[in-house]
Structures are given as structure tokens and as C-alpha cells.
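Two complexes come next, and they have one chain in common, chain A, joined by chain B in the first and chain C in the second.
Now for the complex of A and B:
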């Protein structure tokens, strides 16, 4: 199937883009890399009469860094992060995550801002920005706004963005140099959206742990964080402890998990924790 | 604004101007308006790599690219990678190794393999597989494809190959 008729605009400033979105109302949509929007238009899962291409807005393609944090413009692509063109605040976590998003042709076009705005629960950047304690920034008819990444998503495909808002960038604090991380996602076919995902970051006596690819926003695992902060090494007895902590975290979240989802999430979490402690998880061939 | 619009861009080294509808994808424009049949639409969802072309020196899935967006850009398709007299070394390697059966997926694989060799001139098997995971071959010629990429890498290293960079600066 093919997209229906639409009008195309390419503004050069954020203010101009917001104006075009306000004029178009419900029928207007932002297009960034088009890697999620064009397939949805092709399948007519989404209808838009007006596309506002933010790819012509220079400031949204930029990034900047100081010794405390890195700011990444919404239109920076997965590939630019993967190849290290953008300063990395995350001791290698972000380039690694970027290299596992979809396929190279998709990474060449898809943007971090597009990924966050769409908020597919399995989007890698949702979990990554939440785990890194990033701040998401956007602008709309009412001015500039921002929030912590772990408060940005309300539910699957539902974020704090209003219909005429433009996500402008992400501010990511630098991890301490000795911070370690581990992440694992479960896909049946390499490059597809994950069925389950976990991410763990440990710095000194503090840890952050998240599950992604759930039925909504990434889930923060507070019990797991407390437990993992005391781990210095991986020992076989840890498996049972992590399983208990994870079950307590899921109960606290109030979210529904089938047995399969629970098993998949636990596998991802165990592998992420092991990886953060210096163990490489089992690597499937060719990935 | 929902009418056809004329866009101008460079296609395989030559300037072209084409009238396109705002909802038209790049693959539709290339195959239906410009009669270039090498890149082909198969899944239309970014899953198979059969429609891979270069826009401004980077591989893209042309089924996920609105045609209007190439206004002013440099587009290269499989038809544009030979030098007029000789096939590209990656094309030659695919033929020599027999890295296909029906050939439907081959243009996409060749475009992606060329970009892979620009990034990893001497790729490992893992690097080849990782770079090409977005390309599907229903005939499952994967072992031969990996061999062809390695042969092309050796040919390029021996200096018999034009790099993508040269072609773009031309």
C-alpha cells in the first residue's frame, strides 16, 4: 500500500516548524529520519496531510559537550552515535546501543529524537536515556520544556509531547570514568525491535537498572539496583537473588508480565549484570 | 502543496529533474519514473535491503525515503557503480563466487557490501554479517555472499577498485 496525498514543508528554524505544526493541527506530523513514519504511512497506519521535515533545522543536527554533560540534537542519527562522531558521555554504552539498532541503512537515517518521540516501548534510546539519567528537551507553542528521560513516556507511543511540540535535543550527564555498564536485548531476528531488554549501569556504590521493551515506559528496578550496588563479582548464588529482586520490582511497577516475558526479562537482566561486572554474555553467532 | 513538484538532483553522476508527488517514495520514482530497475521494492518496510541506494554517500532504504527529500542530493544506484567499461569489483566478486541464485536481492547486497568495505576495508566474518543483517536473501546464498565480500576486499586492497569516495567527488 502507498501513502495518501500529503503536503511537505521544510522549515529552517524550530519556531517556523512549530508555526507549521500549529497551522496543520491534528493533520500535521513531524518527519525526521522517516524510518518509522514512512513505513507507517506506506501501510496507512498513520494519516498525515502535512509533513514538517525537521531535517533542515541546523541546530537540531548539532551536538555539544563540556566536562559535565553532552547535548545531542534530536536530528543526530543512530549512525553518528555509532561511529563516535558525537562525543560519548557513556563510556561506550551509547555507541554500542546505536550499533544494535535495526540495520545500517536504517541507522544512516533514523534519529535519536525520532526514536524518543515515537516512544515504541522497544526503542533502544528510551531505555538508554532513562538509564543514563538524561533530560529530554522540547519546544512548542507554549515555549521550551524539559523533563527527566524516565518521566518522558506515559505509555506505549504516548509521551509528554503535545501535537505541535518539537523534541529538540537530549542532555546526557557524563558517567564517571570508572562506571561500568551491561546491556542485553532479546531479538528473534537480528536487528528487529527487541522482545525484552535490560540495562545496568554501576558507578562506585550506586547502580541504575532498567527493563525496556515492556508494554509501556521503561521500568526502573529499585530493588535490583540496591542488590547490584553490593556486587563486586558474579557468583552463581546471585541468580536467585536477582530473580527475587526482579519479581519485587515488577510487583511494585504494577505492570502485567506473562511468564514468557518474565523469563525473557530475567535473562536479559542477568546477562546485563554479568556484563557490567566484566563478563561477556554468550554471543549468538553472527551478531 | 499536494500537487506534483519538480525536484533536481544528481543521479549516477548526471543532473536530472523529475516531477514527483509529495507522497511518492524514492524507490517508486527510480523504478517507475526513471526506469531504473536494479533497486527493487520487496517489503516496503525497511526489512529486506532490496531497495538499497546511496543518498549523499550513505546507504538508505529507498522504500523508506520520500522522493522529495532527494532534491539537491547526490543519488547513486547499482546502475551507477561501474566505470562504463568494467563492473565494480564487488559486482565482479559476486559473479566469480556465484553469490546468488535468483539475483533478486543482489543489487541491495552489492550496494551494502561496497559501503561495508569503505568502513571496514579488511572485514572479519562477524563484521560482514553484522553490516549485512538488513539484507535478506531468500535463496540463502549467504556463505557465498560472505566469500564474495572477502574477495572484493582483497581486490580493493590490491588497488583495483574505485572507492565510493572517489565516485562522489567526481
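Now for the complex of A and C:
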């Protein structure tokens, strides 16, 4: 199928974009890389009469860095992050995550801002920005706003963005040089969204741990974080401890997990923790 | 005869004749065609799986500016009094007639000269239903008193279905039986008896070119431009529906963007014909990718297989019971039931066999032919079953198969002797490519590795006819007129090679005229691996007829024997200028004997045997159930490969397709509603899913009765692919999965259960 008739605008400033969105009201939509929006329009799952393409706004395609943080414009693509064109605040985590999003054609056009705005629970950047303690920035008719990434998403496909808001960028604090990370996701098929995902970052005595690809916002795992902060290396006894902590975390989150989701999340988390402790992603012996 | 030097067209990988046009975007497809005055039709579909239609409100749609007409079955009936069609049963209404039988069934059509207007208007139609209980599962439906159809209405063209005429109160559309020996006595005498049940899911053909047809009915004549695999059948069935002689119906088929069995028999043709007849203007309907799920699908099925086996490894008795989920309309399902039924005991030499194969109506989208015609579903059961037996009795999996495989001249379960079927060769070649007899790394605790193989058999739909015309023009150049549809398999090229070989030309110089029933002669259809064998033989005969006629002309002109005068000069001598034609014709129908209706026994069930073996090496992540196919080996018996590259392409293409049906593809229903009816959710394999090592080959062999020793190969690598992967997974994790597709989740659940730590949902013991 193809979308219905649309009016298309390509503003060059954020203010202009917001004006176009306000005029269009409910029937206007931002388009960035179009990797999620265009299929939804084609399938008529989303109706829009006006598309406001933010790809012409120069500042949203830029990035900047100092020794404390990196700011990434919303229209920076997954590919730019993957190939290291953008300064990396994350000791390699972000390029690695970017390289595992969908397949190259999607990465060439898909943007970090589009991914966060859409807030598909399985989106990699939702979990990654939350784990990195990033700040999400946006602008709307009422001016500029921002919030910590782990407060940005209310539920699946629902964020703090209002209907005429434009997500402008993400501010990411630099990890200390000795910080380590681990992440693992499970996909049914190459190039697909994950159906389970975990991410762990350890910096000295502090850890952050999240589950992604749930039924809503990424879940922060506080019990797990406390536990993992004490790990210096991986021991087989840790498996049971992590399982207990995870169960406590899931109970705290109040979210429902099916039996298989629980298992898959646990496996992803265990592997993420192991990886953050310097274990290689597993490979079969002798292959 | 004019003596000719062999020119080497056979066994040569002639590049595809249409390749350049396709690469340049210049190939013709029905989707591109627009006729003057043409209207586009968009379909309004039912939202319930089973319901009586109380009313259809089309008023809002009619009021949309630009809508030409909104059509329901009542309008169709004004031009076609009995608007029902179908190849096996005349059970399918052109539009829903008082009742809907699956969610997605066409109920009304909006016509407009702008397809977007038609689409918008169609979205404004509403219908009121009285909901009926629906039956979706084939096992339930076979015994249910919820009936999808009130009465069975077999088509007159299928003599073996006539006993079903007028049957009421059943969903069983065909009850095929085969009996050989005494199966119960066989079980009683056997040292061991094994029984297992396997299931296959409903899936879709997914041609990249969705269904599209254009009808232009005017002044008592009609032309259909349609993406069809069977133009001759379309003409016959449309002529029947209209009550016209065949010569007033013209069916034209350009290139096809894939068919895989979906575009056989009647699909959109009856609808566009009725619409065009009604409005006397050309009408085009092209489905979206999403609508394809409601046109025709691959049968789901449940197969219970039971075998008696002796300590020495001999299988002495086998009983098969297969229920095929045919969906709401029979389409060609009864033929699938019967053809896949008769080989469902596998490629094995078993004295006592009993087969029961039932076509069952359900409230799902109809199922029909799909690459392999049911043989892959059957092989999923019998080849997993074979490994299960071998494991239980500690037999070597290859030697156990070898001991029981059908040998040259031995009767298959139907009683038809097996000739030119290289079962052992394909199996051994797969084993060789897998390094089966070398030590194998089974992995460690987390990652387990396994390998498996399987062998498949398929009978070929019979008896079917092909007719070909070879025309040498005044300058001696050659045109070949055939109804075979080149849908990407390369048939134009192979047919050109055959004609060129006989006439001493280069295949590249032959022009193949695409199906146009006003021009090209009859062909039963491009289906079931039949074209190379059937049409190939007709083409060879037509070319030989040309040679005879050249000979006659030489005599008529008083030329000395072996003068080798070019045809163009002979014609010039005869007509005094560049003029005239030499036309050869050939037609072919293989020997066939109808099976005994009680026992299914016949000495001639099939013109040749489809033979393939597959092997897989897999790696399983036992903590997640992730499976990686490290190596996939597909080996077929192609007879003599007329075009080796084309054969390998068929082998790999068919294998990739079946890999999708094995690993990911699955039409998922909730309350009779398809929940994943788009390619965003229904996942076919992509380039990223190709196995690291992907081996596609054929063995040295010869089909004595085939053209230049060839036989069809379009399906052979599909047959045993699923069990090869299933057996490899079982080899790795020690559990056999019984249901397709083989998902991460089902593998993971099986591992946990085996380890004694079942997931809560599986903890029912």
C-alpha cells in the first residue's frame, strides 16, 4: 500500500518547524529518517496530512563535544554513530549499539531522534540513553524543555513530547575512561527489533542496569545495580544472585512478564553483566 | 532428414534470455498495463471468519465523487447467473454470497477510474453480520458439526471427486485412501512400533508481484491480462463461467514476478471478468502485499505417522493419517491432499502401507498449491519420524535410510515402479558435503551443534498435456509458441535450448512467444515441476516435426540428399521471395493409469519422481534457543541438467523459500483473525538469513523418458529441507520438535523441558 495524499514541508529552522506543526495540529507529523514513519503511513496505521521534514534543519544534524559531555543532534543517523563520525562518550557502547540496529539500509537513514520520539519499547536508543544517564532535549510552542532519558518515556510509543514538539538533541555525559559496559539482545531474525534486551554499565563502585524491549519504558534494575557494583569478576555463584535481584527488580517495576520473557531477559542480563566484566561474547569451542 | 551437427545447447548455462530486459527495467508485467477507459477495483472484505451477511451498506461509498459503481454479488448475478468457480469444487463465489467463510473474504468492490478514490470509498462500506461459530483447526473441523459449506459441489472435470457430490454435514472435502498389503498384520508382526504426530503451519507464497488481473469484456469477446501460471485453465474456466466458446476468451500473460503455485487456477480472474462484463469497460484489480494473505496460502496440516520396524532395520508397515487445513474454499486443495497423500510414506520400500489423507474445510483463508504441493509437509513428518526411529533403535541414520530406500524397479506405495530416481545418490552427496563420516564438533554446554539430513520424494501431477508450436520464418529464424509461463524460473531459456538443440541453432537466437491463448497452444499450467518434462517434450517433438517438414520441402524442391541448403533459401526457392513459414507442432501427455478408487494402486501414478535430499549443520544457543544454520546442503536429481546454472538457481531458490517456512513464516490467527498479515510482522528470509555455507547441487543422472534426459527440479530441494533442519536441531539438543516453524521460543522451551526445568507454561506434568 501507499500513503494517502500528503503536504510536505522542509523547514530550515526549529522555530519554523514548530510553526508548521502548530498549523497542522493533529494532522501534522515530524518526519526524520522515515524508517518507521513511512511504513506506518503506507500500512495506514498512521494518518497524516502534513509531513514536516526536520532533515533540512542544519543544527539538528550536528554534534558537539567537550570533556564532560557529548551533544548529538536529533537528526544524526545510526550509521554516523556506528562508524564513529560522532564523538563517542560511551567507551564504544554507542557505536556497538548502532551497528546492531536493523540492517545497513535502515541505519543509513534512521536517526537517533526519530528512534527516541517514536519510543518503540524495543528501540535500542531508549535503553542506551537511559543507561548512559543522558538528557533528552526538545522544543515546542512553549519553549525548550529537557528531562533525564529514563523519565522520557511513559509507555510504549508515548513520551513527554507534545503534539507540536520537536526533539532536538541528546546530551550524554562522558563515561569515565575505566568504565565498562555489556549489552545483549535477542532478535527472532537478523535485522529485526529485539524481543529481549539488557544493558549494564559499571564505573568504579557504581553501576547502571536496564532491561529494554519490554512492554513499555526501559526498566531500571536497582537491586541488580547494587549487586553488580560489588562484582569484580564473574563467578558461577553470581547466576543465582542476579536471578534473585532481577526478580526483585521486576516485582518493583510492577510490570508483567511471561515465562519466556523472564527467561530471555535474565539471559540477556547475565550476558551483559559478564560482558561488562570482560568476558567475550560467547562463541562455541573450536569454531 | 537433414543431418545436423550437435551444437551443444544441452548442458550449457545459457544466460537467461529475458535477463537483460529485467535488469534494465524493461520487462513487461501486468502491473504496468493501463487500458483506455480502465476502471480500478478495490475490495471491501469481511471482518468475521464465519457469518451470515444481513446487509451491506454501500451508500457512503457510492456518494464519493469519482466512484463509478459499487458491486456486490447481487449485481454479479445479473450477468452471471451461477457465479461460483474453483478447479476442484465450484464452491467459491465471485463475491461473498449471503455468507462469509473467512475473515478477509471479498464482500464488495468499488470501481473508479482513480484507484485512490476506489480505495477510500471501499473503506466507507459497512456490513452487518449474524456471527456463526467458526472452526479453524483441521483436526477439530474434521469432526465438527460447524460446517463451512452446506453441501459439497465437486467440479465435473475431476472424475475422482464425483462420489462426494451432494454430501452434506461435513467439512471433509476429499477422503483419499491408499492401501498396500495389510498394515495391521504388519504392525502385529513387527519387532517395534513407533507413532508420532507432526504439525505444519499455514504460510503464504509471497511473490514480489502481488496478484493482478485486468479484464476487458466487450461486444461478446473478452481479453484477460493476468499474472497467471495457467492461462489455458483460465480460458477454459472463464468460458465456462460465461457460457461462451473458448475462442471468444483471450488470456494474455506477460512476465510474472513469482508465482510459486499461488497464481494457478482462478484467482482474481473471475472477479475482474464479472466486473468488466457488468460495466462493459476494462477493469483492473491489483492486490496489495497485505491482501495476498487472503487470496491463497500453503496448507497447514496435522500428520500422524505410525511404523512397524524389525530389529534388522527393515520398515515393514506404515500408516499415515494427514488432515490438511484447506481453508474456506477448496481451490486445488483436494489434489494436494491426494498427490502429497500418495507419497506420504516417504521414499521407502514398505510392504504394508495404509494412507488416509483428508482435505478439510475451515474458516481460514483458502489453501492451494505451493511449491512442493504438500510434499514438504509430508516429509516434515516422515523424515523426522525416520530419525526418531533410528535414534530409538540405535541405527546409523544413513544406513537405516539406505536399507529402506526404494531401489530401481521396486514398487512405490501406490504400486508404481520407481525408475530413474536417484535417492541414494542425492543422500550420499549430501552426506559427503556435510563430512558426515568425519569427526564432528558438538560444541560445549552453552552452544550445542548438530547436523541432520533427510530425503524426499514427490509424485508429479498426472496426466497433463502440453502443446508447442515451432515456427521458422522466411529468413529461417525461429519463434517458439508455448503457454509455459516464465515466472523467474528460466523456462523460456530452457525451452529455447531444447528447440535450438534439435534444429541446430543457438538458443540465444530463438524467440519465445509468451502465453496468449489466441496465439499459443494449450498447456495445462506452469506448476508442479512439470514444464521441463512435459512442455520440453512437446517442444522437442514440435522441433522434430519442423525437421521432417524441412526434409519434405527438400524433396519437393528436388534437392539432393544432405544438400544442407539453408531453410531461408529453400523457402525463397519455393515462394520466389522471402516468404512462408515452416510450422512444426508437438503435443505430449504421459502414460497414466487411474488409481484404483479403493486402494490407490496403479502401475503408472506419475511420469517421473521428484527427488531431493537436504542436510543441515546448526548451532544452538541453549540459553536462548537461538539457532544458526551454519551449513545448508541441497542436492537434487534433475536428470540431465539442460541449463546447469538454472538448475542450481532453482535448487537454491526453493531451499531459501522452504527455509522461511521452516524457521519464521507463520500465519498467526486469533479468533479467526490473521494477526500478522503484513511483511512487517510476517517474516520471510532475507539476505542476512543466508547460511554461512550454502551448497546447491545436482547429481549425475538421467530421466530416460525426459527431453534429453531431463526432469523438473523446481521443487525438489523444498521437500526434505524442514526435516533436515529439524533433525539437526534434535541432534544438537536431544529433543525432536514436532511443530513448524522452529522458533527460538519453541527450541528454548524444549531444552528447558528436557533439562527438567520446564518453563511454567510447559510444566503440566
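The rule is short, and it goes like this: the second predicted complex is superposed on the first by the 282 of 287 C-alpha atoms of A that agree within 3 Å, B and C clash if a C-alpha of one lies under 4 Å from a C-alpha of the other, contacts with A are read in each partner's own complex, and residues count from 1 in each chain.
As a working rule, contacts are C-beta pairs under 8 Å (C-beta built on N, C-alpha and C of every residue); 3 or more make two chains touch, one makes a residue touch a chain.
Predicted model, so just to flag it, every value in this text is computed and none were measured.
Contacts of A:39 after superposition: both chain B and chain C are touched. By the touch criterion stated above, A:53 is placed in contact with chain B alone, chain C being left untouched. Look at A:79: by the touch rule set out above, it reaches chain B but stays clear of chain C. In the superposed model, A:191 makes contact with both chain B and chain C.
Touch criterion not met for A:232: it reaches neither chain B nor chain C.
With both structures placed on the common chain, the touch criterion links A:103 to chain B and to chain C. In the superposition on chain A, contact is made by A:6 with chain B only, not with chain C. Chain A has more of its residues touched by B than by the other of chain B and chain C. With the contact threshold set out at the top, residues 4-5, 39, 43, 103, 190-191, 286-287 of chain A are in contact with chain B in one structure and with chain C in the other.
Listed in rising order, the residues of chain A touching chain B in the complex are 2-9, 31, 34-35, 38-39, 41-43, 49-51, 53, 55, 79, 99, 102-106, 108-109, 190-191, 286-287. By the touch criterion given at the top, residues 1, 4-5, 39, 43, 103, 186, 188-192, 258-260, 263-264, 267, 282-287 of chain A touch chain C in their complex. Across the complex, chain A is touched by residues 116, 120, 288-290, 441, 443-444, 446-447, 449, 619, 621, 623-624, 626, 663-664, 678, 680, 683, 686, 688-689, 743-745, 748-749, 752, 759-761 of chain C.
Those residues of chain B whose C-beta lies close enough to touch chain A in the complex are 1-2, 5, 21-23, 25, 28, 44-46, 49, 52, 58-61, 63-66, 68-69, 112, 115-116, 125-126, 129-131, 133-135.
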